[in-house]
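What follows is a pair of complexes built around subunit A, which joins subunit B in one and subunit C in the other.
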Partner chain A sequence: MFHWLEKHPFFFAVGVFLAIAFAGLVEILPNFAQASRPVIGTAPYSTLELAGRQVYIKNSCNACHSQLIRPFKSETDRYGHYSLSGEYAYDRPFLWGSKRTGPDLMRVGNYRTTDWHENHMKDPTGVVPGSIMPAYNWMFTNNADINTAYAEQLTVAQFFSVPYNKPVPMKDGSTKIVKMGASVAEANADALAEAKVIAADMKDQNIKDAIARGEIPEIVAIIAYLNSLK
Partner chain B sequence: MNKIYLWGIIITAAMLGFTYMSFDFKHGLSDIVNQLAVAGAIALVLITVFVVIKYVRQMQVDTATGELADENWDGIGEYKNELPMGWSIMFLGTMVWGMWYFTIGYPVNAYSQIGEYNEDSKILNDKFEAEHKSISGERLVEMGESVFLAECKVCHGISADGINGMAANLNVRIEAKSVKYAIENGANNHLLGTEMPMPDRNGLFNNNTGALITDAEIDAVASYVANGMTGAGADVFAGTCAACHGEDGKGMEFVAPSIATFTPELVVNVLNHGKKAAIGEMPKFDRLNAKQKEAVGAYITSLSK
Partner chain C sequence: MENRPLEYDYTVAKMFMLTTILTGIVGMLIGVILAFELAFPGINTILGDGLAEYTNFSRLRPLHTDAVIFGFTLSGVFATWYYVGQRVLKVSMAESGFLMFIGKLHFTLYVVGVIAVIVSLLAGVTTSKEYAEFEWPIDIAIVVVWVLWGMSIFGLIGIRREKSLYISVWYYIATFLGIAMLYLFNNMEIPTMLAASPAGETGFGAWYHSVSMYSGTNDALVQWWYGHNAVAFGFTVPIVAMIYYFLPKESGQAIYSYKLSLLSFWGLMFVYLWAGGHHLLFSTVPDWVQTMGSIFSVVLILPSWGSAINMLLTMKGEWQQVAASPLIKFMVLASTFYMFSTLEGPIQAIKSVNAIAHFTDWIVGHVHDGVLGWVGFMIMAALFHMAPRVFKRELYSKSLMATQFWIQTLGVVLYFTSMWIAGITQGMMWRAHDEFGNLAYSFIDTVTVLHPYYTIRGVGGLLYLVGFLMFAYNIYKTMTSGRRVEENELQSASPMGA
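Here is the complex of A and B:
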C-alpha cells in the first residue's frame, strides 16, 4: 500500500513528520487546551481595571514587578498560592515580567488596600523605608484613558470571546457578571461609578474633586487594577 | 614477527611518550587525581593498541566458516548463526522493563513540579509544627515580632505606630477618632469572630440621661476610651457602653470585644476577617498559619502593656 513511498524520499519525509507530529498533537494539545482555560474565580477585567492595566503597562511596572508566583514554599508563604496558567486567560499580553526589583504583584489585591496604594504611590519611602521605587505623582493628575480601554474590551470580546455580560463562575460557587457598556458613553459611566467606590476609600481631596467633576485620574484606574489582582 | 606487532610497539611508545611530555611533573604523582589520570592514560593507550591489533590480525588471517543460508543477494550470503545468548537475554529483558516502565515505572514515579512543591511544603510545615507547636510566652512574642516585621510593618510601621495615621497605631488599643467613628457609624468588624454588629449613634442611648448619645458625649467618651479608660467621660461610658463592653471596657464573651486592651483572640479575628473603619481598610491575612496568628496576637498584646 505504501510501497511507492520508498521511492519518493520527500513524501516519505512528510509521512514521517506527520506520524511524529500526531503523537505531539494527542499528547500536548489536550493538556494545553485544558491548562489555558480560565480557572474558576478568574473573571475578565472591567473597563476601569483595563484602563488601570494600561497605566501599569505604560509606566513599565512590569519591568520591576513580576506577576508570576512560582511553586516554592518561600514564594507561596510570601505571595499566596502559586500561579496557574488559566489565571492569565484574560491577560493580553500577560505581565509575568522577568525580574523582581520589587515584589511580585500576582495577588497584591489580597493583602494591600486602596488607601495603602494611594500612600505608597505618592511617597513609597513614606510607607516602606529604604524602598527604591520612585513616586508616581503624575498618576494623581493625569486622567485615565477609558475610551481605549473600552475599545480593548470590544476587541477581546469579539475576537477572543471574552465573556463580558455573561456569568463567570467564582470560587465560592456564585457567579459574577463583568459588564461591558453598550456604548462609549455607557462604558465611561460604568467606569466612573466604579471609580467612585474606590475614591471613597482614598484620602486625597483632589482625587475626590476630580471624580466629582466626572474625571478619572490614572491612580484610581491603577488601584482598581491592582485590587483586582487576587 | 608480523609487521603489525612492530607498529603496535612503536605507536604505544609514541603515545606513552606524548602522555609523559604532557604530564605536569611540578606537582608530582602524590596527588590521587594525578595518579588516576596517568593510570587512565596508560590503560587507554594499551587497550586501544590491543583492540586495533586484534581486528587488523583478524582481517588478515580469519577465514569464513559455517553453514550459509539459502538466500543470496547478488553473491552476498549470510551464515546461519544462533542468536548470542547474552543478546537474547538483554532483548527480552528490555521488553519486560519496557512494559514495567510504560505501565508502572513512569506513571508512579513521574516528576511533577507541583508534586515537588507539595512534598517540600509538607516537610517544611511538619518541621514548623514540630519546632513551634508548643512555644509560648516570650518565645511566642518574639515569633510574633518576626511575623509582624515580615507582613505587618508595611502598613503599621516598624515600631507599630501606624506611620503618621496611615494605619492603626498598635501601641495603644484605640484612638479617639476610631471610637468616634464606631459610635457614629456603628461597627461590624468581626472582632469576636462572629457577626455581632454594634449599632450606630441612632441606637446608642445614654442611660444616665435616657436620651440618644449627643455630640459632646461622643467626644467625651472617645477621649476617655482613647486615654486608657481614664479622665472625663467615665459617666457616659458607664451609661452607654458598659452594658456591652463591660465596666472596665474589657468586653464580654460573645457580646462585645475589649476596647481597653488588645487580646490575642481579637487580633486573630482581625487577621482572619480584615477590618474597615475610620483609618482605612485592612485586608485579611488568613494565609498566616494558626500559630503565626497566635504569635502576632501575643506580640501586639505585648506592645500596649
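Here is the complex of A and C:
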C-alpha cells in the first residue's frame, strides 16, 4: 500500500491530511459550545476597558504575564481563586500567556490600585526593587484608540451575541448592565467619563490635563482594564 | 535515464538562501538583545527613551520568534525545497516557464510579507496569539504565499520523471498541508472595519484590527493546537525532509532502513497533532484533553526517535566521516539534538513535571535546544552542502566551519543548561511553603535569583550568533572567491578549502 501511495501523490496527500486532521476534530469540537459559556459574575468589557485590553495586546504584556491561575495551593495563595473556563467567555483573544517572567495578572484588580499601577508603569524598580520590567513611559503620552475599541464591541455584539446593554447576572444576585454607545461620539463620551474616575486617583498632572482636554492616554485605559481583572 | 546529469536551475533556491541568512541574522540578533534585556533591564532603553517603545522587550519578543520561525526557518525550508525537489523528482525548474514564474512570484511576495510583518510588529499591530500575531491583511498575504508554494510543489511533482516520491518529498508535502490547515483555522477572525454603529456610522477605528472567532478556553485550545503543531510542521517535519536528503548525499551512505522511515513518517503524522494539549495542562480546557495531550506527547518519542536513529544508523561503519568533515558533524549533532529535544519535551508534558516546568524558563530552554541544536544546525548544514553545487565553487574554509561548529555547540550547551537551572529553580521557589503553610518567597525573589542564569544564557546566545555570522561570511566567500569546481567533484562529500 505504501509503495502505491508513493507513486500517487494525490492519494498520498489525502492520506496525510486525514492522519493530521483527525486529532483536531476529536479534541476541539466536542466541548466547543460548553467552553464558551460565561459563569455568573462575568460581564463584558466596557469601551475603555476594551481599549486598555488593546493597549495590553499592543505591547505584548502577555509575553511576560500569564492570566491563568492553576489549581495549586501555591498559586491560589499567591493570586486568588483558580481560573474557571467561563470567566474567559468574553476574552477574544485569550491572554493566558505561556511564560511568567512577571507574576500572573488574572485577578490583579483585587490587590493593586490605580496609583500603584501609575507609579509602577513609570518606574517599576521604584515600586518593586529588583524588578526587571522596563518602564512604559510612552503609555503616558500616546492616546488610547477608543474608536477601534467601540468597533470591536459592535462586532462581538453582532457576531457573538455578547450582551452589551443587557442585564448580566452577578454573584450577589443583582444584575449589571455594561453600556455600549449608540454612536461613535457617545462611545467616546462614555469612555471619557470612565477615564475621569480613573484619572482622579492619579498624580501625573499631564494625564489630568489630557483628560480635561478630552483625550484619553493609553495609561488610563490600561489601568481601567487591569482594575477590571478580578 | 540519460547519462548526462540534468542541468538543475537553482535561481529560486539562491534567492531563498539569501533570505535564510539575512532573516537568520536579524532574528538571532534580536534574540540576543532580548536575552540581555532580561539580564540587564537598562538595555530596554538602549536607543534612548524616545525610541524605548521599539526597543522594549515585549515589543521585540514576537519579532524574534517570528523572524526565526517565518524568516530563517521557512526561508531555509523553501531554499532546500527549490534545490531538493528538482533533484529527487529528476526534473529541472528550467523545463517549465510557468513553475519558474511561480517560484519567483513566491519569493517576491514572501519578501513583501516579511517586510509587512516587521513593520506591523514594531508598530504593535498584533493579535497576541503566539506565532500567529499577524492581523488579517497579512494573514491573507501569507495564504497567497503558501498557495504559491503548494503550486510549486505539486507542479514539479506533476512533471516529474522519477515516479516514486522520495522520503523528503513526503515530508515537504506534509509541511505544506499541515501548516495550511493549522494556519487557516487558528487565524479565523472578523475584521472590525465591518462594524456599523446604531447611529449608522461605518468605517471607524483601525482598518486592520480584527477579533478572534473563538473566545477564551476555545481560543486557547485552537491556538495551542496551532502553536504546538506549527513547531511540528515548521521545525520538525521539513527539517526531517532535509536530513533525509542531505545526510545520505553528503556521506555517500544509503538510508539505513526504509521501513523505519515509513513507521516514523506515518507515526509522526498521526501522533503529533494530539500533543498540543500539553501546553494547557492544569488550565481550564477539559481534563481529558489535557490527559490525551500528555499521553500522546510520550508516544511521540517513538516516531521522533525513529527518524533520528535512522539517521545515526545511516552513518554506521562510517563514523570516521564525523571526525573528518565538519559538515557531517553539523548533521550528526542535529539529529542528536533532535533526540534530546524530543525526549525532553515528553518529560515536560508529564503532568507532575509540567506543574513545575510550565511558565518557567525551562520551556524556553527546551525550545532553544530544539531550534538552535536541531533546526539551526540542519539548515546551516543544508546550505553548506548546497553552496558548492549552486555556485559551482569550493566551500571557502573548512577550518572556519569547524571553529563555527564548536563555538555554536558551546553556545547551545550554555543556553539550555542555564535555562534548566533557571526554570527548575523558579518553579520550585514559586511552590515553596514555609513551616506555617505560607508562601516562602515573594514573586520578586524568584526573579532576582535568575540574574546569573539570564547572563549565561545571553552569552550562549551571543556565541551562537557569532557562529552564525561566521557561517554567513563563509557562504559569502564561497560565492565570491571559492575555487571553481567541476561536476565530478560534487558527487558526495562537498569540496572544502582549507
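The definition used in the following text is that the second predicted complex is superposed on the first by the 195 of 230 C-alpha atoms of A that agree within 3 Å, B and C clash if a C-alpha of one lies under 4 Å from a C-alpha of the other, contacts with A are read in each partner's own complex, and residues count from 1 in each chain.
Heads up, the rule we're going with is that a residue touches a chain if its C-beta (ideal position, glycine included) is under 8 Å from a C-beta of that chain, and two chains touch if they have at least 3 such contacts.
Everything quoted here is computed from the prediction, not taken from an experiment.
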Partner chain(s) touched by A:V128 [first = subunit B, second = subunit C, both, neither]: both
Touching partner for A:V184 - first (subunit B), second (subunit C), both, neither: second
Which of subunit B and subunit C A:F72 touches, first, second, both or neither: both
Most subunit A residues touched (candidates subunit B, subunit C): C
Partner chain in contact with A:K176 - subunit B first, subunit C second, else both or neither: neither
Touched partner set for A:N59, first subunit B, second subunit C, both or neither: second
Partner chain in contact with A:N119 - subunit B first, subunit C second, else both or neither: first
Touching partner for A:A13 - first (subunit B), second (subunit C), both, neither: second
Subunit A positions touched by subunit B in one structure and by subunit C in the second: 71-73, 77-78, 128-129
Residue ranges of subunit A touching subunit B (in the complex, touch as defined): 71-73, 76-78, 80, 82, 110-116, 119, 126-129, 201
Of subunit A, residues touching subunit C in the complex: 2-3, 6-7, 9, 12-13, 16-17, 19-24, 27-28, 31-32, 35-36, 54, 57-64, 66, 68, 70-75, 77-78, 83-103, 125, 128-138, 145, 147-152, 154-156, 158-160, 181-184, 186-187
Subunit A contact footprint on subunit C (complex, rising order): 37-38, 41, 44-45, 49, 52-53, 56-59, 61-62, 124-130, 154, 157, 163-165, 170, 173-174, 177-178, 181, 185, 190, 192-199, 201, 204-206, 209, 211-212, 214-223, 225, 229, 262, 266, 269-270, 272-274, 276-277, 279, 282-286, 289, 292-293, 296, 355, 358-361, 363-364, 430-433, 438-439, 443-444, 447-448
Residue ranges of subunit B in contact with subunit A within the complex: 113-114, 116-117, 120-121, 124, 150-151, 154-155, 158, 163-164, 166-167, 280-283, 285, 287
